[in-house]
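Heads up, the next two complexes both have chain A, just with different partners, chain B and then chain C.
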Partner chain A sequence: MWVLPVFGLLIGIVLGSTLTFQIPLIYVKYMSIAVLASLDSVFGGIRSVLEERFDGTVLLSGFFTNALLAALLAYLGDRLGVDLYYAAVFAFGVRLFQNLAAIRHKLLLQYRSKKNRQLR
Partner chain B sequence: MLKKQHWAIPITLVFLLMGILFSLQFQAQNRISSELSMQKTENLIAMVRDLSEKRQKLASEIVDLNGNLRTQMKSVQDESELFISLNEELTKIQTVTGANTLEGPGLEILIDKQMPILYVDIIHIVNELWASGAEAIAINDYRITQDTSIFYAENEQNMSITVDNNNLTYPIIIKAIGDPNNLDKGLTMPGGIMDNLSLYRAYPIISKVDLLTIKGRNRSFMYYFLNEYKPAEKPADTASPALKT
Partner chain C sequence: MSRKWLVPITIVCIISGFFLSFQLKVQANNNNTNPLSQKNTNLVMLINDLEEEIKNQENIIEQIRNDLSNLENRPLPGNLPELQGQLKDARIIAGLTSVIGKGIVITIDDNSDGLKNNPQDDPNKYIIHYAHILSIVSELKVGNAEAISVNGQRLITNSEIRCVGNVILINTTRIAPPFTISAIGSPKHLAEIVTNGELDIMKSTNYPVTLEEFDEVIIPAYKSDLQFRYAKPVKEEDE
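Up next, the complex of A and B:
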């Protein structure tokens, strides 16, 4: 069931490490915030799958726009002298942990209901 | 099952992109930790201190090595100067002993067989040439040096003049290196050797030459009894306190 996504993740990591393209060091900061945003999207996606209200379009659009907007906002914040970077870190971090908690809850519920079903 | 397929593809796609982003970010972060401009200030200060200490050490090493180089160069220079002066000394000594071939302006005196000339006249001519500043003299390519003897030898038929026991064949040519004018004047001054010889109707032909060559002598000096004199060393100082006691 989860074999395909995990396989995709592994392929992605291998692909990324074989890429010779290097991000300029000045943009590493914005890249990191983009990674955080995409991580949040991914966990959001997992959560929605577990909650059985998954929408592929929402996930993909969220993935790209969140990452891009987060990076853009952090960059803009640097230009304007406002540390929007931390705001993004905070927002996505909180959402990330919320998503994780929801996933945990959902998995626990599933596990328990399965157990109950078996017991009955 | 359909449901699964429905979400599996977008999730996989997102995971793939995540993987790429992750590894790129990992690499970038690794580079940051090795990049100088991203280091912490305290680390940079420590690094600067270390490097400047190293630099100071290396600078003092450079100074040391430069000093070494200078002394080495100086000793080499001294050696070459010594070599040059020794060579000059050798040339001087060779000139004095007649070991080398010399050249320079000078005078050539030609004496024919018809001229009634004795070995004494040759001696007079040579003496006069030395007196007028000749620096090197040769008679028929026999170089005149400190131990040259000019004499005569006779047999049944005739008498011949000898230089170092070598019979001179006519024409006798005396070569002298020196100021040609001075040498000429020394020989031809009134009452001089030429005047004397003319009394006997001997007229040696004197010609000034711009470039004469005089060959070195082919004999070597042999010494059997000579030793260089070395003043005896003064009695050691240890003797005087011994006298006092």
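Up next, the complex of A and C:
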């Protein structure tokens, strides 16, 4: 059941490495925020699936608005001379780790309960 | 368990995979092209290479000029010897030949003792600036110096004396202290004019300066290329 997302990831990687268009150096920063936002969405999605409170609309809308807002904030920070970029990186980074921790918890719990059931 | 999550997660996975690999590629490219990431070593190498090339080219120019002067010095028939003489004079005026004659040699150096004794002070007060050299050279010119060189760089009509960061450029060559300024002209006259000018000011602020008069000062020829690409003589009737 996890085959399709992994397959999607592979398709994305192939697309990203074959498509060649230059983006100016100034926008590399915003691209990295987009990367973080998308990773955050992936792990957030997996977490919500495991916690059985998944909502596709929430996930997709959250992904796009988060990425756009983060990029906008970083841009605004550039204009104002405040490094809001780091705030976005920090926020996404923290969420990534939290999601990862929650996923690990859930998986561990599932594994243990399965084992217990088998033992009984 | 329903599978409604499968499609959205796949979409997000595609997008994030795309971003990931794209970003990786961009970063890999950046490391090769961004000079700042390599601490400017590329630029330094480039400069060193170019300076090496300039030296080689200057050697070639010198060889060609030697060949040329050998050809010009052949005995010639008719009124050509007269033209030969004119050409020689023109070369001396242009600074394309080494010259020898009476003159003075000035050496100036950074006031490193002064800086050592006042380490808190602004170091700019203790180093030689291009303006010092410029002033001395101007004064030598006022004193009718016929040929001037700074650290072996012959000053001709298009020679610059320019500050570029912490070095000075003369004839687009980097020169560093101590600076030796040689000039051919009346030694007495030249010495008088500089000791009453910039050299005196520098002495009073404790720069190590020396001035010597010589019967024979050798000043080298201008080594680089000298071409007029834009300037053309005005024709008589146009004037």
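We take it that the second predicted complex is superposed on the first by the 120 of 120 C-alpha atoms of A that agree within 3 Å, B and C clash if a C-alpha of one lies under 4 Å from a C-alpha of the other, contacts with A are read in each partner's own complex, and residues count from 1 in each chain.
One rule holds for everything that comes next: a residue touches a chain if its C-beta (ideal position, glycine included) is under 8 Å from a C-beta of that chain, and two chains touch if they have at least 3 such contacts.
Keep in mind it's a predicted model, so treat the numbers as computed, not measured.
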item: First (chain B), second (chain C), both or neither touched by A:L60; value: both
item: Partner chain in contact with A:L39 - chain B first, chain C second, else both or neither; value: both
item: Footprint overlap on chain A, comparing chain B with chain C; value: 1, 4-17, 19, 23, 25, 28, 31-32, 34-35, 38-39, 41-42, 45-46, 49, 52, 54, 56, 59-60, 63
item: In the complex with chain A, residue positions of chain C that touch it; value: 1, 3-27, 30, 34
item: Chain B contact footprint on chain A (complex, rising order); value: 1, 4-17, 19, 21-23, 25, 28, 31-32, 34-35, 38-39, 41-42, 45-46, 49, 52, 54, 56, 59-60, 63, 67
item: Contacting residues of chain B [partner chain A, same complex]; value: 3-4, 6-29, 31-32, 35, 37-38
item: Of chain A, residues touching chain C in the complex; value: 1, 4-17, 19, 23, 25, 28, 31-32, 34-35, 38-39, 41-42, 45-46, 48-49, 52, 54, 56, 59-60, 63
